[in-house]
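The structures considered in this document are given below.
Two complexes come next, and they have one chain in common, subunit A, joined by subunit B in the first and subunit C in the second.
Up next, the complex of A and B:
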C-alpha cells in the first residue's frame, strides 16, 4: 500500500534522472556516430553506431602518453592527499596553543581562488626545479583543505577513550594514526581518494602553466590540443571526452558507498 | 587457518578485482594486436562488368590529421588481386586505376595500426 503510494515520487525522480543524464547520453551517442550535434530534428537513437572514433583518438594524438601523465599525476595527488591530509587533520584534533587560529586560517584560505595563487605557486615550483615534471604537475594538489576537514570530522567521531587506550598501550602519534584512526575512517579515505582524483584528473589551468613539453601534457590539455588540430571530427572529439570521463566515473562508482558515508560523517551527532 | 586465508580475502574487493580484470583485458588485447599486426592490406579489383582487372594500379592513401597522403602503389595480378605489405596506419583509403578508368576511393578503418585486413567488396573500375 505504502509502495503504491510512492509511485508519483519515483516517477518524478525518474524524470529528473533522465533529464540529468541526457547530456551524457548525447555525448556517448555522438561519439558512436559522429552525427552533427546541431542536426534538426535531432535523432534520439544512434544511426549505424561504431567504435572507430575511439580508435582515431587513440592514434591521431599521443593519447597513451597523455593518459600515462594523467594517471601518474592523479596517483601522486591521491597519495599526497591521503598522507598529508591525514597528518594535518590528526594535528588539528590534538590540543595545542593557537589551534583555533590555525583552523580559522585554513577555513579562510578556502575562500581564496586558485587563480589568485597561481603566480606564487608557479615561482615556488620553478625554484624547486619541478616545472615540466610529474611531481610539479601534482604539487598544488598534494593537499587540499576541504579534504583535511573531511579527515578531521572523521577523526573526531572516533571515541576519545579508544585513542587514550592506544596511547596507554604505548603507541605513538603516528602509530595511533596509522593503526587506529585510519582503519576506522575508511569512508574519509574514500572521499579523499575520489575528490583528489577527480580534481587532479580534470585540472586544466595548472598543467597548462607548468608544462612546456607537449609530451608532458595531461588529458584535459590533450583535449584542447585535439580540438585545435583536428577539423570536422565531432565524433572523435566526443569519443575523446568519453575517454577522459571514464576513469573518473570508474573510481567514483567503485567507492561511491564510502564516498557518501565520508561526506556525511560528522554531519550528525549521536 | 584464519591467519593463512586473510591476505587472500583482503585482495577480494572491487578496488583490486576491477583493476585486475582491466589489466587482464588489456594484456589479452595487446596479445591479439601483436599477433595480427603485420600491415597486410589485400583485396581485389574488378572491371565494371565484374571480371577481374589484371594489371590495374592500386594506390594506398594514409590519413594524416586532415589530409590523405599517398603511401604506396601496387599492381593487380591476373586474378585482380592485390596486396600491400607494411601498412602502418589504422585508417587508409584505396583506389584502383587502369588507363582512364578508376574506382571510387574506399575507406578502410582498422581497429589498430598495421592490422591485417582484406577488403570485403572489390574495387570496381569505372569511367571515374
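Up next, the complex of A and C:
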C-alpha cells in the first residue's frame, strides 16, 4: 500500500531527473559523433562513435596551456583560502575590541557582488602590475567570507578545554591553530577546498577582464574563445566542454556532502 | 597587572595579524572598488585623458540618452523571474524528495548536479540544445509536429530571453532545492502530527505550517536569486552576448560592453552604481516581504 503510494512521486522525480540529465547526454553524444553533427534529423545515438574530437582539442587550441593556467590559479585560490580563512576565523573566535564591527563588515561585504566592482578592480590590478598574471587572476579569490564563517563555526565547536590545555603546554596561537584545531576540523577544510576550487575553476568574468594575453587564459576563456573561433562547426567544441566539466563533476561527486554543507552553512550564516 | 595587559596586547596583535591578510583582500577588491566606483561615476575619465569632475553628467546621459540602459534594466528585471520560477519548482522537488523515499539521495544528487558546473560550459550545452539543426529541442518539437520549421530560439527577439531564463533555471534549481530541503528538515515533525490530529487536510498543513516555517529559507533563496540575476554574466555573454539586438542585454553585460568594449570606464561606473542601488532596494524589499525577521534566525 505504502510502496504503491510512492509511485507518483517516483514518476515525477524521474521526469525531473531526465530533464536534468538529457542535456549532458546530448553533449556527450555529439562529442562522440564522427559524422556531420548538423545532419538533420540528428541521431539519438552516436553514429560510429569515436574519440577523434577529444584528440582534436589538443591540436586546435592551446589546451595544455589553458589547463595549466586553470590548475595554477585554482591551486593558488585553494591554498590562499585555507590559510587566510583559517587565520581570520581563528582571530574571530577570540574576544577583542571591535570584534562586532569586523563581523558586521564581513557580512556587509558579502552583499557586494563581485560584478559590482569590476571596473575599479581592474584598475587596481593594473596598478599592482598584475594584469596577465597568475597572481592577478587569483588575488580577488584568495579569501572568501562564506568560508571564513565555515571555519569559525567549526572552531567554535571544538571544546574550549582542549585549547586551554594546549595553551598550558605553551603552544602559541599558530601552533594551536595548525596542530589542534585544523586536524579536528577536516570537514571544514574539505568545504573550503571544494568551494574555492569550484569557484576559481569556473570563474569566467574576472579572467576575461584581466587577461589579454592568450597564453594566460584559463579554461573557461579558452572555451568561449573556441566557440567564437570555430563557430561550433565541429564536435571538438563539445569534447572540450566534456573535458572541462569532468574535473568539476569529479570533485563534486567525491565530496558532495561537504559541498552542500558549505553552501547551506554559508547561506544560513550569511 | 602588567603581565595581564601584556597578554591582552599580545592577543590584540595576534588578532590583527591573523585578520589582516583576509581583510586586505576584501579591502582591495570589495570596499575600495565600491568607493572608487562612486567617485569614478562623477568623473570624465578614460585611460587616455586625466580625470575631470563632471558632476552628474554620466547619470544624466544614462537616464536621458541611453536607450540601451533602459532596455537592459527592463531585461534584468525580466531575467529575475528565473528566481521565483526556480524557487517554486525547487520547492516542489524538495517536498517530493523530503521523505523516506527510496533513492531520495540519488534524485537529490542528480537535481543538484548542474549547479556546480562551469557556467560557460552550461551556456554552450544549452546553445547546442536550442540549435536549429543539431539541437534536441527542435528535433523533438518537429517530431511531435508542434512546429513545421525549426525555431531559432536564441536568434529570435521573442524567444531569446525565455530561452536564456530556462537555461538559468536549469542550472540553479538544485541550489534552491538544497536550501529549501535544509529548511524543511528543520520544521519540527510534531507540528504536522498535531495538525493531523486536528484533522487539517494536506493543503492546509502546507499553507499553515510548511510555508510560514520555510519563510527564512524562502527569503534566502529570493536574495540569492536576485544576486544571481544581477551577476549572470557568463550565461548571457556566451549564449547570446546580449543579442539579438539588445533583446537579452542585462545591466551587467552592458556594463562590461561600455567599460571594456568601449573603454568608457566613467560611464560604466555610473551604470554600476545604478545596478548596485537597485540590488540594495530589491534585497530590502525581499527582506520586508519575508516578514522582516529573516536575518534574526540562527
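Operating definition for what follows: the second predicted complex is superposed on the first by the 219 of 270 C-alpha atoms of A that agree within 3 Å, B and C clash if a C-alpha of one lies under 4 Å from a C-alpha of the other, contacts with A are read in each partner's own complex, and residues count from 1 in each chain.
As a working rule, a contact is a pair of C-beta atoms (placed from the backbone, for glycine too) under 8 Å apart; a residue touches a chain by one contact, two chains touch by 3 or more.
Quantities reported herein were computed from a predicted structural model and do not represent experimental measurements.
In the superposed pair of complexes, A:185 makes contact with neither subunit B nor subunit C.
In the superposition on chain A, A:59 makes contact with subunit B only, while subunit C stays out of contact range. Shared-chain residue A:255: touches subunit B; no touch with subunit C.
In the superposition on chain A, contact of A:78 is made with neither subunit B nor subunit C. With both structures placed on the common chain, the touch criterion links A:150 to neither subunit B nor subunit C. Touch criterion met: A:198 reaches subunit C, while subunit B stays clear of it.
Judged by the touch definition given at the top, the superposed model places A:40 against subunit C, while subunit B stays out of reach.
Ranking subunit B and subunit C by residues of subunit A touched puts C first. Shared contact residues of subunit A with subunit B and subunit C: 232. Put simply, subunit A touches subunit B in their complex at residues 50, 52, 55-56, 59-60, 229-232, 250, 254-255. For subunit C in complex with subunit A, the touching residues are 11-12, 14-16, 18-19, 21-23, 25-26, 28-34, 36-37, 40, 93, 96-97, 99, 101-103, 107, 109-114, 116-121, 124-129, 131, 133-136, 139, 142-143, 170, 173-175, 178-179, 182, 220, 224, 227, 230-231, 233-234, 237-238, 252, 255-256, 259-260, 265, 268-269, 272, 275-276, 279-280, 283, 297-298. Those residues of subunit A lying in contact with subunit C across their complex are 6, 9-10, 12-13, 16-17, 19-24, 26-27, 30, 37-42, 83-85, 87-88, 90-92, 94, 96-97, 102, 105-106, 109, 111-124, 139-140, 142-143, 145, 148, 173, 198, 201-202, 204-205, 209, 219-220, 223-224, 227, 232, 237-238, 241, 244-245, 248-249, 252-253, 256, 259-260, 263-264, 267-270.
On the side of subunit B, the complex with subunit A involves touching residues 14-15, 18, 65-66, 90-91, 109-113.
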